[in-house]
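Letters A, B and C name the chains as they come in the text, with residue numbers starting at 1 for each one.
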Amino acid sequence: MTDMTDQSIVPGTRPDLPPPVTESGVIGWLRHNLFSSWWDSLLTLSAIYIVYLIVPPFISWAFVNADWQFLPSVISGEKAPEFSDCTSGGACWIFVRARFGQFFYGFYPDAERWRVNLVLVMLVASIYGLLSERIKNKKPIAWFFFAVFPLLAFFLLYGGIGLPVVPTQQWGGFMLTLTLAGIGIVFSLPIGILLALGRRSQLPIVHLLCVLFIEFARGVPLITILFMANVMLPLFLPQGVEFNILLRVLIGVTLFASAYMAEVIRGGLQALPKGQYEGAMAMGLGYWAMMRLIIMPQALRVAIPGIVNNFISLTQDTTLVAIVGLYDFLNIVRAGSRDSNWIGTEIEGYVFCAFVYWIFCFAMSRYSMRIERKLQTGHKR
Amino acid sequence: MALAKGAPESGAVANPATPQVIAFWRDERKRGMIAQVVVVAALLGFIWFLLRNFLIKQEMSGAPPLSLYFLQDVAGFQLSFSLIPLTLDSPIGRVIFAGALNTLIAAFFAGIIATFLGLLVGIARLSKNWLISHIAATYIEIIRNIPLLLQLVFWYGGVLTALPKPKDSISLLDVVFLNIKGLFLPKPILQEGVGLFFIAIAVAIGLAIFIARWARKRQMATGQQFPTIIVNTALIILLPAFVFVLLHDPIGWEFPEKGAFNFKGGLTVQPEMTALIVGIGISTAAYVAEIVRAGIISVSHGQSEASHALGLKSSWTLRLVVLPQALRVIIPPMISQYLNVVKNSTLAGFIGYADLFAVIGTSQNQTGRAVECVVILMVFYLTISLIISTIMNVYNKRAALIER
Amino acid sequence: MSTQAQANPSGADLAISDEVMIGLTGVNKWYGQFHVLKDIDLTVLKGERIVICGPSGSGKSTLIRCINRLEEHQRGRIVVDGIELTHDLKNIEKVRREVGMVFQHFNLFPHLTVLDNLTLAPIWVKKVPKKEAEEVAMHYLKRVKIPEQAGKFPGQLSGGQQQRVAIARSLCMSPKVMLFDEPTSALDPEMIKEVLDVMIELARSGMTMICVTHEMGFARTVANRVIFMDKGEIIEQNEPEEFFNNPKSDRTKLFLSQILHH
């Protein structure tokens, strides 16, 4: 029993060998991931067949056989572009090119579109500033974003004080989609915070009211809230006060979004350990000071992924405003392909529209996942 | 003061002043009350303000007072699809009821598609097969990042209108036809004696349940196992089939037949309804898939390892160890997905299917009864969401894991 | 924190037959490109009590997980009680039935009561009537000294209690071999002893055991052989006295000095 060690090889000197060929490299990968059993191989082959049925035809439709270029006669201004310019049998992207401006700016006058661009640049810059890790002092940016920017953006988009007024009936396209979702999120944040605090409050009536509101807004479809804002709200306004359709929709969207926001923030509040509250109270802070200085900053940080997800859903949900006749991105693309010059471009319109929504929402959902992962590793309890 | 007995009392004894009067705004007990009174007062004031505006406007415009009597008026409009018979003279209430049924039936079938497709995609997403799992992931990522309305109008306007005309219908075995006018299925016609057939089905199911119970009991008592699944499947298929043959076709089928312009007879599913059900089903399936996946990966790998180490084979590991734990995670979000299906079916109006919302919209347009219509709508959806959240609460109470 | 060697006969005095229980010859395993197990040769006789130690990441867990096929080896042979582990599912099931395993993190089934955890495998795998399975389960619960916890759920027990339930759960299948993968390293110090006591008692009853553990007191008390692994190889193996007092390789010395004075 004493000497069981193999003397032929000195222990501890065996080299690292590469795995057998069937285990490594391309063959090993294929064997493990695609052909590990006959059933697996069957699945793989059927999947390849399905991909083969879908992908090549789509690529040939969307790229190989597609029409991209305007006719020379269109470029020289002799005639307007139309569906019959597309002759290759694939996708008619000329339609999208011809309508591109309208899809993004709606009926906003050409000469004033720089205003929309400027707002967009400011928006992107300040969001980048708020979220980037390289910029440490976020206070001025936050002030700008939450206090100055909304007013500035309204002034730029709507006009007044020297700028020609662009009535909201002319807003449309992707710009309107972003406006609706953006305003919905920005305004629902404070309301959502109050609702979340109310729902966690010890005061029974406040708690009850908040629960009722939140559950009501989450229990009915957004479209019914838009319907309510559209047909019922005007009846309850004082004589002589008229809210235009965009404002009514915005009120509906904001109330709807605040209920979902409240739940996300409540999740953030619940994730905080009780010690944070006790610590803050032990320091002698009052309720509002405690919330503002200690609790909310942490809860909101935890809630960021949820807030981004809400923004994604809201962006998608804004397509419903078509029900009250607003021309958001989807609706304006649909209207475009119903134009008599462009009958037959419905699929192109939907595919383009889907592509833009997809890029936008997918990028945001990846971002939200990244933050979530970071929070999980940095915040272990 | 050496006589002070307990520490807590010592303060009071040392300072026997008159009970201090706290100004009410500094009294923490009263502060909450005041806050609530303020909130309630503000709310009541706001409601009063709205109501006053409403009443003034009502009076000025001479609109009739709020009431639900208008539901008895003749609607004067038809629905393209209805489960209950409707005529142009049907009262509005009946038409609205038909709309509600339309919502429920579409949601029911969409829910079924979502459940099965979602399960399939969720399991595919977890597959060790790289290709299968990536196809599933692609499906999920595409669907979740495109607005549902866009998907619906795509299915309806893009795909269904691209379907062939009736004379070039796509057919399945020459009994099911699909064309631009809809989906045509054979319609079952019940013959005499069909009751026996249904009884046979019921008996087979009852027997299967009995066998399952008996097998379980016997296994617990003697350890012997019984091939319950195989026997029950055979029973449920064979017994009704046997009765069916004995009765000489108790169910006749009315097949769709090619008419001059379209198919006649059989069961027709409108394209609008098809698009709505398929669209919502496919979209919700992506969310269901994520729920299923999250549920299964929430059961730690150690659980199935421990089960395997005890000698339980894979199918038992899944049935006895993994699924019972995964279902607790899966079921609650699944229930809220069903609520979402009902809510999402309100998009029906965009593609011309007469669901409750679309019918209410038309009724409001025709009667001008905005408040009543909104109330009916809200009551319907709130009732459903209340029912669903009650189911969820009951489930959660039952399933709560007992843990320290 | 380790149990002191008691005045009982040391491991060497317990009976070991010359029947081979487990045989590994030239076992190699890779995770992707990473060579985890290199030419492992190991023969375990019936009744042997083997302790495996070595630095973290040296492949100890992988080795014992190969023995009940929770991991697949790619080269070499593993034979357990005369059954060779191949892709044959029947053989894998047979081996798993005879080999019990206790994990670092217990892996009790949280949705079942303690009693149901213990009877699950006997009922389904060994086809034992429920009543009988419960009697056996109560017997082992008594042996690990927690019969009163039978009706509770795992989440309601302390770590030490959970690990003892896990041991009892394996024993209910009357295994011929027990594998332990660091059974005490997830436990608070005051609970380690209660688990080790159960394991010592099990060793005395003649069970063939392979334990990955750094409890050196336990190794001295019950092991008849201590194996040192590093970088996927068995570097040294010997009787406990010899192993601890007179390690041959420098790596073993270094390792022992590190764990003995930490």
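In this text, a contact is a pair of C-beta atoms (placed from the backbone, for glycine too) under 8 Å apart; a residue touches a chain by one contact, two chains touch by 3 or more.
Quick caveat: nothing in here was measured; it's all calculated off a predicted structure.
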Sort the chain contact graph into one of these: line, ring, star, complete or other. complete
Chain pair with the higher count of C-beta pairs in contact (B-C, A-B): A-B
Counting only Cα atoms for the centres, state how far chain A is from chain C in Å. 52
Take the average of all CA coordinates in chain A, do the same for chain B, and state the distance between these two points in whole angstrom. 25
Note: chain C sits from chain B at a C-alpha centroid distance in Å of 49
In the complex, chain C touches chain A at residues 28, 30, 32-35, 38-39, 41, 43, 74-75, 224-225, 230-239, 242, 249, 251
Chain B - residues contacting chain A, complex: 32, 35-36, 39-40, 43, 49-51, 53-54, 56-58, 60, 127-132, 135, 141-142, 144-150, 153-154, 157-158, 161-162, 339, 343-344, 346-347, 349-350, 357, 360-361, 364, 370-371, 373-374, 377-378, 381-382, 385-386, 389
Could you please specify the touching residues of chain C with respect to chain B in the complex? 68, 70, 89, 93, 96-97, 99-101, 103, 105, 107-111, 120-121, 123-132, 152-153, 155-156, 166, 169-170, 173
Of all residues in chain A, those that touch chain B in their complex: 32-34, 36, 40, 43-44, 47-48, 50-51, 202-206, 209, 215-216, 218-221, 223-224, 227-228, 231-232, 235-239, 312, 315-317, 319-320, 322-323, 330, 334, 346-347, 350, 353-354, 357-358, 361-362, 365
Interfacial residue positions of chain B with respect to chain C in the complex: 219-225, 300, 302-303, 305-313, 316, 320-321, 324-325, 328, 401-404
